[in-house]
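So, here come the structures, one by one.
Both complexes shown next keep chain A, but they swap its partner, so chain B is in the first and chain C is in the second.
And then the complex of A and B:
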C-alpha cells in the first residue's frame, strides 16, 4: 500500500530533474503564493501544480492530496471568515456573527494559499527518492551530513509513522475501540491513548536506526561519501527559469 | 461461524491480493492458516473481523456480513491478536491494559476487575508492571491476556509465537490450547509447522492469494507437493515418517513415532 507522500518511480521530466532543482522549484512555487495577494495568481499556481502532476503521471495522487487538504481548508475557512471584522457586511448571522467582503476575500486567499503551498512539497516528495534529498544537499550545498540526515530521516519517517498509526488504530479497533465512530470529538478522545504506543514504537525505531547508522560509520561520512553525483542538465536550468517567471508574476501582480 | 463466499480483495485497484476465496470455519475448530510471506494470510484475517472489506464476495461472521457491520461491534465476538504486541499496548500498567478492552465490553466495574484478576493469574503476570519495560514474550502475553479478557468466541492469531523463545512459545500455545478445549474457535497464522502439527486440527493453505489446500492437518502435512507450492516444509516427524515409509508413514507426533518404533522393534524380536 502506497502512502500519499511515498516516492512514485517514473522517468518524466519532473522525475529527471536534479533533486536540488526540485527542492528549489517547490520552494519557489510555495513562495509565489505568499508574495502575491491576487487570487488568480494563486489559482494559477494550483493549476500549474496539477499540470506538473499530470506530466509526472501522478495526477490522481495530486487530486487525492488536494481533496485531503480541502477538508482542513474548509475548517480553516470557516474559522477565518468570522475572525475578519473589517469591510462591508455581506451576511448578518445570529450571535453577533457576520461575514464581510474583506473577510470572504481574505479567507478564500488563505485557503488557496494553503492548497497552493502544500501541493508542490507533496509533488516534490512523490517524484524524488528520499535518500536523494539529503545527499544532494551535502554534495551540492556542502551541508554537514548529520543535518542533512536529520532532514532526510524526518521526511522518510512521515509515511512510516502514518503506517504505524494506521496499524495501531487497526489493533485498537479489533479490540472494540470505536474508531469507526462518526463523532469527531469522541474519535479525538479515543486517539489520545494511542500516543503511547506510537511514541514507544517511534523511539524504538529511531534508536535502532541510530545504532545501525553508528555501526556503519555515520560520523565518517563527508561531502564526497555519496556515490551519486547529481549533475545539472539543461532541463534543470529551464525548470528554474520557469519557476523564476512564476515568482516574478506573483511579485508583479 | 465464519464463512468466506467467493471473496476477492485488493489493496490497489489493479491487483488482487486475495482471489475467489470460499471456505467455512465451524464452531470449535482449530484452523491453521498456512502460506508463504505475502500470500494474503494477514489480509484474510483482517477481512474476517471487518478491518478490511471485500472488493467482491461476502464474509459472514456469526451471521453478520462484515462489510455491513462495524468492526468494533464484531470485536465483541472476535478477538484478534496481532503479530506486533506494541501496536496494541497503550496503557502504563498491565492491569490498565487488560482493563482497557474490558471497559468497552463490560459495564460492571467489579466484573471487570474479577475478569482482569483471572487473566493476571492465568498468565502469571504482575498487574502493576509497566508493559513497555517488559520483554517481547511478556508483552505478547499481555496483548493476548487483554484479548482473552473479552472472552471472544472466535480468536484470530496472527503469528502469535514469532520472536518468542521455546518456553514463552509453549506458555502462549498452552493457554490457546486450553481455550480451544473449552470451545473457543481458533484461526491461527503460523510459519511454525511443528506448532501447527501439535495444536491445529485443520489447515488452510494459501498461495498467491488463492486457497490451494483445505483439510485435516494430518493430510495436509503429508502432501509435500501442496506444501512446496506454498513454500512450506512439513513438520519433522511426518517428514521423517514419509522418508522411512511403511508403517512409519502414518506417524504424526513424537509419541506416535516412538510407539511405532517400539512396536516394530518388538515384532523383530
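And then the complex of A and C:
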C-alpha cells in the first residue's frame, strides 16, 4: 500500500534539488504563511505549492492532500468562526451565536494558513528520499548521525502508522464494528480501544527496525562514512532565492 | 562454522524455555532448513544466532554459541553481524530507507566500506538477488517478494559468510517463494554463503535444503540430511510439521511391504518409486 507521504521517484527540478534546500524551502514557505496577515499572500503560497507539485508530477497527490486537509479545516473553521466576538455582526444565529466580519476574516486566514503550511511539508516528503534527510543533515550541518537517523525514521513511520491503523480498523469492521457512525462521540468511543493494539503493533515494528538497523552497524556510523555527497548546484541557489522572495513579500505585506 | 552447545533461553516472564538444550553444528557452506510448528522457538533461535538473544532480550541464557569462533555472549551483535547477516520475519519493519539503493547503502556506509568499493558491492548484491532493475524504485511500490529480495541484497552487500532468514516466504505466493529460494541457492552455490532458513513449506526445503532441523517446544528433535530426517516422518507429524505427500505414500507402501527403496522427496522421485512398485501412473 502506498501512503500519501511516501516518496515518489522522479527526476524533476524539485527532485533534483539538494535535500537540505528542499527542507529549507518547505520551512520558508511555512514560515511565510505565519508572518503574513494577508489572505492573498497565503493563497499565493497555496497556488505556488500546487504549481510546484505539478512540475514534480505529483499534482494529483497534492490535490488529495489538499482535500483531506480541507475536511479537517472545515471543522476548525466552524469552531473558530463562532469564537471571535469582536467586529461587526454579519449574521445573527439562534442560541446567542453570531458571525462577525473579523471572525470571518480571522477564521479564513487561520484555515488558509493551515493548508498553506501543511502542503510544503507533504510535498517535500514526497520528493525526498527518506535517507537523504538524515544523510544531508549529518554531512552539511554536522548533526550526529544517530539523532538525524531517528528524525528520518520518525518521518518514515507516519505513513506506516496510518497503514497499521487502517489494518486494525479493517479487522474490527470485519468483526461487525461500524465506524461509519454519524455520532462523533460514539466514533471516538469506538476508536479509543484501538489505540492499545496500534501502540503494541507499532512498538513491535519500531523494535524490529531498531534491531535490523543495529545489526547493519547503525552504532558504528561516524560522520565521515556517508557515501553520497550532496553538492550544491546553481538550481539550489535559484530555489533559495525564490524562497527568500516569497518570505520577503510575506514580511512586507 | 556455527556451534551451539547445549544452548537454552527463557524470555524473562515466560514460563517455559523458548530454547531448551540445543546442540547443533552448522558447517561452512551448509544449506540448513529449520522447521517446526509455531511457537517452537525458531525465531528465538535466529535471534540467538545473531546475538540479539541475549544482548537485546532479557532472560535466562545458558550454554554456549560460537559463530566463527566468536562467543555470542561476549561479542556484540554488530560484531557478529560482520560474519552473519539476518533477515527477520517482519520485512516492512526492517527497511530503513525509502529507495532500494539507499537500503543497500545503509549497511555499507555504517560498516565504513571504502568509497571506491561501495558502487561495486551495491551492483553485485542487486545482481545476486536478481533485482538490478529495481535499484531506483521506491520500496513502498514493491511486491512482497521483491521486498524480501531487497532485504536479502542489503545483507549480501555486507558479504557475510552466513545468512539467516526467518520465514522469508511467509507472505509470498508459491512462485515468488520459489524465486527467493532460487536466489538463496545461487548465493549458496556460487558465492559459498552458508544459509540457515526457517521455512514452513516443506516442499521448498526438500528441494533446496541440504540438511533439515526440526524443532518442537524449544528442543531440537531431529537434524540431518533431508532424506534421512524424513525417515522419521511420524515423529515430524507428531511435532506438528507437514511432510510431503509422496513421502507419506512411500511410507504406506513400505508398511504394506510393497516398497523397500529410498524415500522419494518430490514428484519425480515419486514417479520412479511407483514404477519400481510396478504400478504405472
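Here, the second predicted complex is superposed on the first by the 248 of 253 C-alpha atoms of A that agree within 3 Å, B and C clash if a C-alpha of one lies under 4 Å from a C-alpha of the other, contacts with A are read in each partner's own complex, and residues count from 1 in each chain.
Following the convention adopted for this analysis, contacts are C-beta pairs under 8 Å (C-beta built on N, C-alpha and C of every residue); 3 or more make two chains touch, one makes a residue touch a chain.
Only a predicted model underlies this, so the values are computations on that prediction, with no experimental measurement involved.
Novice: Sticking to the clash and touch definitions up top, decide whether chain B and chain C on chain A clash or fit.
Specialist: clash
Novice: Looking at A:146 after the superposition, I want to know if it touches chain B, chain C, both of them or none. Which is it: first, second, both, neither?
Specialist: neither
Novice: On the A-aligned overlay, A:38 touches which partner chain: chain B = first, chain C = second, or both, or neither?
Specialist: After superposing on A, A:38 lies clear of both chain B and chain C.
Novice: Touching A:170, do we find chain B (first), chain C (second), both, or neither?
Specialist: Touch status of A:170: first partner only.
Novice: Can A:212 be said to touch chain B (first), chain C (second), both, or neither?
Specialist: Second partner only, chain C.
Novice: Examine A:193 and indicate which partner it touches, taking first as chain B and second as chain C; both and neither are also allowed.
Specialist: Only chain B; A:193 stays clear of chain C.
Novice: What is the contact status of A:7 with respect to chain B (first) and chain C (second): first, second, both, or neither?
Specialist: Touch status of A:7: second partner only.
Novice: So, A:68: does it touch chain B (first), chain C (second), both, or neither?
Specialist: neither
Novice: Kindly classify A:156 by the partners it touches after superposition: chain B alone (first), chain C alone (second), both, or neither?
Specialist: A:156 contacts chain C only, not chain B.
Novice: Does chain C touch more residues of chain A than chain B does, or is it the other way round?
Specialist: The partner making contact with more of chain A's residues is C.
Novice: Of the partners chain B and chain C, which touch A:55 in the superposed model: first, second, both, neither?
Specialist: A:55: touches no partner chain.
Novice: Looking only at the overlay on chain A, choose which of 7-15, 205-213 or 241-249 in chain C hits chain B.
Specialist: 241-249
Novice: Do chain B and chain C land on any of the same chain A residues, and which?
Specialist: In chain A, residues 1-2, 204 are touched by chain B and also by chain C.
Novice: Please output the residues of chain B touching chain A within their complex, sorted ascending.
Specialist: 11-12, 46, 49, 51, 70-72, 75-76, 78-80, 82, 84, 86-92, 100-101, 104-105, 132, 146-147, 150
Novice: Please name which positions on chain C make contact with chain A in the complex.
Specialist: By the definition above, chain C touches chain A via 50, 52, 56, 77-78, 81, 85-86, 88, 90, 92-99, 102, 105-112, 115, 118, 136-138, 140-141, 154-155, 158.
Novice: So in the complex, which bits of chain A are touching chain C?
Specialist: 1-3, 6-9, 129-132, 149, 153, 156, 159-160, 204-206, 208-209, 211-222, 225-228
Novice: So in the complex, which bits of chain A are touching chain B?
Specialist: It comes out as residues 1-2, 164, 167-168, 170-181, 193-194, 196-197, 200-201, 204.
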